[in-house]
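As written, the chains take the letters A, B, C and D, and residue 1 is the first residue of each chain.
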Amino acid sequence: MQAMTHEELIAFLNTEFPQVADDFELLRLTSEGVEVKLRVADRHLRPGGTVSGPSMFALADVAIYLAILARIGPVALAVTTGASIDFLRKPAAGVDLIGVARILKLGRVLAVGDVLLYAEGNADPVARASMTYSIPPGR
Amino acid sequence: MQAMTHEELIAFLNTEFPQVADDFELLRLTSEGVEVKLRVADRHLRPGGTVSGPSMFALADVAIYLAILARIGPVALAVTTGASIDFLRKPAAGVDLIGVARILKLGRVLAVGDVLLYAEGNADPVARASMTYSIPPGR
Amino acid sequence: MQAMTHEELIAFLNTEFPQVADDFELLRLTSEGVEVKLRVADRHLRPGGTVSGPSMFALADVAIYLAILARIGPVALAVTTGASIDFLRKPAAGVDLIGVARILKLGRVLAVGDVLLYAEGNADPVARASMTYSIPPGR
Amino acid sequence: MQAMTHEELIAFLNTEFPQVADDFELLRLTSEGVEVKLRVADRHLRPGGTVSGPSMFALADVAIYLAILARIGPVALAVTTGASIDFLRKPAAGVDLIGVARILKLGRVLAVGDVLLYAEGNADPVARASMTYSIPPGR
């Protein structure tokens, strides 16, 4: 069912998205999707030490994207066409965030997944997101 | 953890939403949320026999709403403030739809849940939705 | 710029969506999109006389769909793939709703539009929605 | 109608969000909302030179947030609770992005706005977003 291994996904991320690859750590591949960590650094924070909305958006996007690639293989051109995100709780300061993503649809032209984001060590999600990706034709 | 029983939720639905109560059947309460069936009738269909978007929206809304009430008790005035929905697959004709809803946040003023909708007997979801509800003050 | 006239759009709606065509009235075509009225009847109401969420969703969907058809011509198979909706105010009881829809993107495989819904005679919108449609290949 | 001037909004942004204030330029206040520029730099780009999704999300969030502050005054604690975004076109490389935001609702506990993002000098929007903010009590 998997089109890419853990190692291949990491290599793909490093090659195609070198600007942000250091921010993320692919924790594991599951039968449903992936778990990805955002290594929270100062540049991800808002005043008060909470992780910024755009940083949570970025984690959600990377997690669902990697979950899709794990199933369809390396398609650098798959693009996000739509997203919705709910911010549920303020993440605790000083801890990394974990995104648990799953694939809901893998179609010919569209793929859809969703993700729950957690502050490491806390069972209540800090955010929920769903994203749609357009798959380039002829892959 | 539950503020209302299965029977109390059904009675609430019948009393507060008599126009639509017959459309829905509360299948079960779980620790995470609820499962609700939409009894698909002609008025829910589009040409070709597929369930209409507004009917799926209605099932998603009722399922998450009941999941919230099960936890906070009867609050007829809780109102939907926002929703996002992804239509994933055309539901098979002639079968009921099942919504599996869970609560993601129960705050002082806002509650958030999400739901997967399935055509009965099929493991692939036909839609995904998340909804936010405003909780009236002073409950 | 228009691929269908006012009359052709009305005929298309009557033919393809006979179940709901009576609910809606196409008020006008504009250079940006369309204005569509939901003729509010008892079946669209919730207790208290307010228009239900699914009815507002239906108006948003029809308005954006007609705005797309006005530009690309009759494509009965274009399907809604995603939607987000914000409910802003409770509509006044006893008045119709007007949806003012505009097209934001008409691509090869996806079209996107948004809409503001108003209670007739009131300048403050009661809801906002955006929707994405998948365009069948080979049209 | 305005609770803050152009200068006050800029001072607020510099004081409360020093990490990102340099990225944004408040172009003008209008009766409907604001126009804000994202000064696109290397850190906002993806491979190929296109602006990243999280950077567009950040521009949308800042623009709607400033539009709300302009109307309700400095409330640093207003937090984004939900967002939906549609990516419509790939922005041209090497140009700044402009967000044109408007307020749709200013309630007691929730405010809602939407925004269109443009690549400077191009009339077709590159993205659309709507966002909801929770207003702290007792302001």
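Note that a residue touches a chain if its C-beta (ideal position, glycine included) is under 8 Å from a C-beta of that chain, and two chains touch if they have at least 3 such contacts.
Predicted model, so just to flag it, every value in this text is computed and none were measured.
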| item | value |
| --- | --- |
| Chain whose mean Cα position lies farthest from chain B | D |
| Which of B-C and A-C has more C-beta contact pairs | B-C |
| Chain C-chain D separation of Cα centroids, rounded to whole Å | 27 |
| Inter-centroid spacing, chain C versus chain B (mean Cα positions, whole Å) | 23 |
| Whole-Å gap separating chain A and chain C, where each centre is the average of the chain's CA atoms | 33 |
| Chain A residues counted as touching two or more neighbouring chains | 81-82, 84, 86, 132 |
| Chain C contact footprint on chain D (complex, rising order) | 84, 86, 88-89, 104-105, 112, 114, 116, 124-125, 128, 130, 132 |
| Chain C residues touching chain B - in the complex, by the definition given at the top | 16-19, 43, 45-47, 52-55, 57-58, 61, 76, 79-87, 90 |
| List of chain B residues in touch with chain D within their complex | 81-82, 84, 109-110, 132, 134 |
